[in-house]
């Protein structure tokens, strides 16, 4: 059927891209990225939001109207106004500035955990997938066992005993989160190894390292990137939850989760104290999720086709 | 061949298009043919010729990004397109009109037993109870040549061999006691040795049950086994129709001749395989004239500008070529000879 | 199947054991519980006495062994704050948590199946778009924040529902919805995309070609296949809820379950109580994991019981 032939051709094109190596694929991806972005508004929104949040974190001292810890008991619990677009909290501190500064910790934790957990997890996954045998078995058992731990509770216990510094939070979250990278990496390595072109490379005498780098890694890039973004979102929320429970960021530092915890007692009288940090959290996570989902669709040619066809048939339809 | 009475299935000027990012592909362009009760028609063509799309259109299974954009499909004289047509189609699908698809592994639901899947058809279209269906399933499995039918009925698709799965598909198609069986590349996904068995099975069943069969394939050998009439498709159009015997003996269209010449033979030893040079036409900007023109050894200028109509040359014999039957005097020998007349 | 379950139980026991080890290590070795528990002013004699009471003056291996024996008897000692048998307290609060998780997850399952399937049936349509946007928003919002917002809207502003505590059905609504919120967001995406994948499969075509109605094709054939990933992922959500979210949601609503208990234990630094809670939760997690695996293999006969 015409559709089968077409998807076969698309598959072949994709394989060819991977065979030629990453640089080629990356350049082609960049060229079409712009066209892609404009044909998927949701993905674009996600990227924008992420950029705004990161800009906020980086340029905080330049854009925040007040220092985040500037107290003014005279101005406590003021609603949103021209002076304080997001109002003030129970100590008279400007909520907007605190939201801006709060992005620093939230994003920093997210990135650090993803980097740490991701590196470790991918490494484990590569070893497990490529070595196979006992090594693989051991690693995957370890993964399975750790996955079965009640993560948040253990994190709480550890953090309640060790004092919750930024480093401690990052390490604890990373320990809790590396498993998914290992599983996915191993899965992809295994399925890619079976492919004829990898077998061919091995038969032709390529050393293991070359096989891994030139043939297997390109396959991993896109799914791992997507996973990293999703995990980033998860870690932002995790840090917020820990802070909310009192075991994350400690005052006088500012983080969104902490702001919500501190403002909790004042919901009835001052809704803005918890609303704005919550919105910031949700937007960051939403942006990351949209970005990740857009990446996933863009990377897979067959999905791209479907998306386009749908748009062609129904001009008001949006990507799936 | 009886040409009296209403044909069972009639396809008239069917047009199907696919809307893709690269452009709109005209997969089926103005295709017409008919099948009488009990008749066997083989629809032959290479991949991309539009033959499977035609079959799916008849069954109403064309989905995004494709759509039927013109023509009609009639069952016993009544249209199957449009709202009323769809209701009619829903009634006859599985019952009077049945299908066997290409890949039995993915065409069967992997999570249900054979009995459950065949039984569904029996309960829906033949109104059988569980017990009756149970019996009938065993009978059907026996009919299609599956050993230990009762045991196999309780099996899951992944527990059966490829050939057995295809037999199950055939049994499932026959369960509704159809008048027309559409087989879309029924043997392509199978081993060569099993292919022959399945084709024999289809031929036998056809004779036994007086079924009409529409067999879709790219393989001339397959057609020869089962079909009395053949229609050859290329570039979304029908190039030639006729009885199988006649078509193979005296191909009227250069493409048919090319197909025949490129089929390797066991009785003649050739120094090299013969092929048809060139590639199929781009369906997004289909040629105005004959789609085969670029690869045709006897093309003339007219072929580029004007599409030859499917003309009747003799009883039951149609050819769409400005130089029908001229090809009998030429050979396909791996090189394209361009003759300008 | 029986052998499979036994193997998984053995693995589960290993996990629970490891959890107790981790807890032991963190509470005894990493920090000094005595410093944590006693006020600054206590004299060295008081500290020594306390230490002896808790058995912390013995060598580590001995402590560990004693610890294991006690755990086997479900004796975690007395809660440092409440002065009662720790495990007893935990078990007493357990039903409240189970009630909340059951209500929340049940709600989540029903809603996400309905929304996900309906969205998949008309991909690109308005319902689909609304469902996807809504789900994306829902899964982006932190649970505790959702809970607080719901309290503000329904308890403070509208005043129709109570803001905390356990009581009748009206007390259950907000906590259950809070618990279900992000899960619904994630599950709708999963159900929808799994359903879209299945609907693209050839066997669906076969079903239609057999004359089956759209209803039966989707409701029976596709649905069965969709169950495989859905059950796995939903089970995972239940585990996440039990092992993580209860702490947060119960704290927001002062729901008297083990999550709230854990939060208070953290605030009061009642390590003994915490140990008991973590142990119990670990057991639950293990059991649910096994249940998911069994269910998974029941639905999909292709899976070998390795």
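The chains carry the letters A, B and C, assigned in the order they are written, with residues numbered from 1 in each.
In this text, a contact is a pair of C-beta atoms (placed from the backbone, for glycine too) under 8 Å apart; a residue touches a chain by one contact, two chains touch by 3 or more.
This is a predicted model, so every value here is computed, not measured.
K.L.:
Kindly indicate the chain pair that has more C-beta pairs in contact than all others.
P.N.:
Summing C-beta contacts for every pairing gives the maximum at A-C.
K.L.:
Suppose every chain is reduced to the average of its Cα atoms; which one is closest to the average of all protein Cα atoms?
P.N.:
Central chain: A.
K.L.:
I'd like the Å distance between the centres of chain B and chain C, where a centre is the mean of that chain's Cα atoms.
P.N.:
54
K.L.:
Once you find the CA centre of chain A and the CA centre of chain B, what distance in Å lies between them?
P.N.:
49
K.L.:
Using Cα averages as centroids, what's the distance between chain A and chain C in whole Å?
P.N.:
So the centre of chain A lies 22 Å away from the centre of chain C.
K.L.:
List, in ascending order, every residue of chain C touching at least 2 other chains.
P.N.:
Nothing qualifies.
K.L.:
Residues of chain B that contact two or more other chains, please.
P.N.:
none
K.L.:
Would you please write down the residue numbers of chain A that are in contact with two or more other chains?
P.N.:
In chain A, the residues touching two or more other chains are 310.
K.L.:
Write out the stretch or stretches of chain C touching chain A in their complex.
P.N.:
11-12, 14-15, 18-19, 22-23, 26-27, 30-31, 33, 36, 123-125, 128-129, 132, 136-137, 139-145, 148-149, 151-152, 156, 196, 242-244, 247-248, 251, 262-263, 266-267, 269, 271, 274-275, 277-278, 281-282, 285-286, 289
K.L.:
Considering the complex alone, what residue numbers of chain C touch chain B?
P.N.:
Counting only chain C, the residues touching chain B are 201-203, 205-213, 221, 224-225, 228, 299-302.
K.L.:
Would you pull the chain B residues touching chain C in the complex into a rising list?
P.N.:
These residues of chain B touch chain C: 59, 61, 90-95, 98-99, 101, 103, 106-112, 120-121, 124-125, 156, 158, 169, 172, 176.
K.L.:
Once bound in the complex, which stretches of chain A touch chain C?
P.N.:
It comes out as residues 144-145, 148-154, 156-158, 160-162, 233, 237, 240-241, 244-247, 257, 260, 264, 267-268, 271, 274-275, 278, 281-283, 285-286, 289-290, 310, 314, 317-318, 320.
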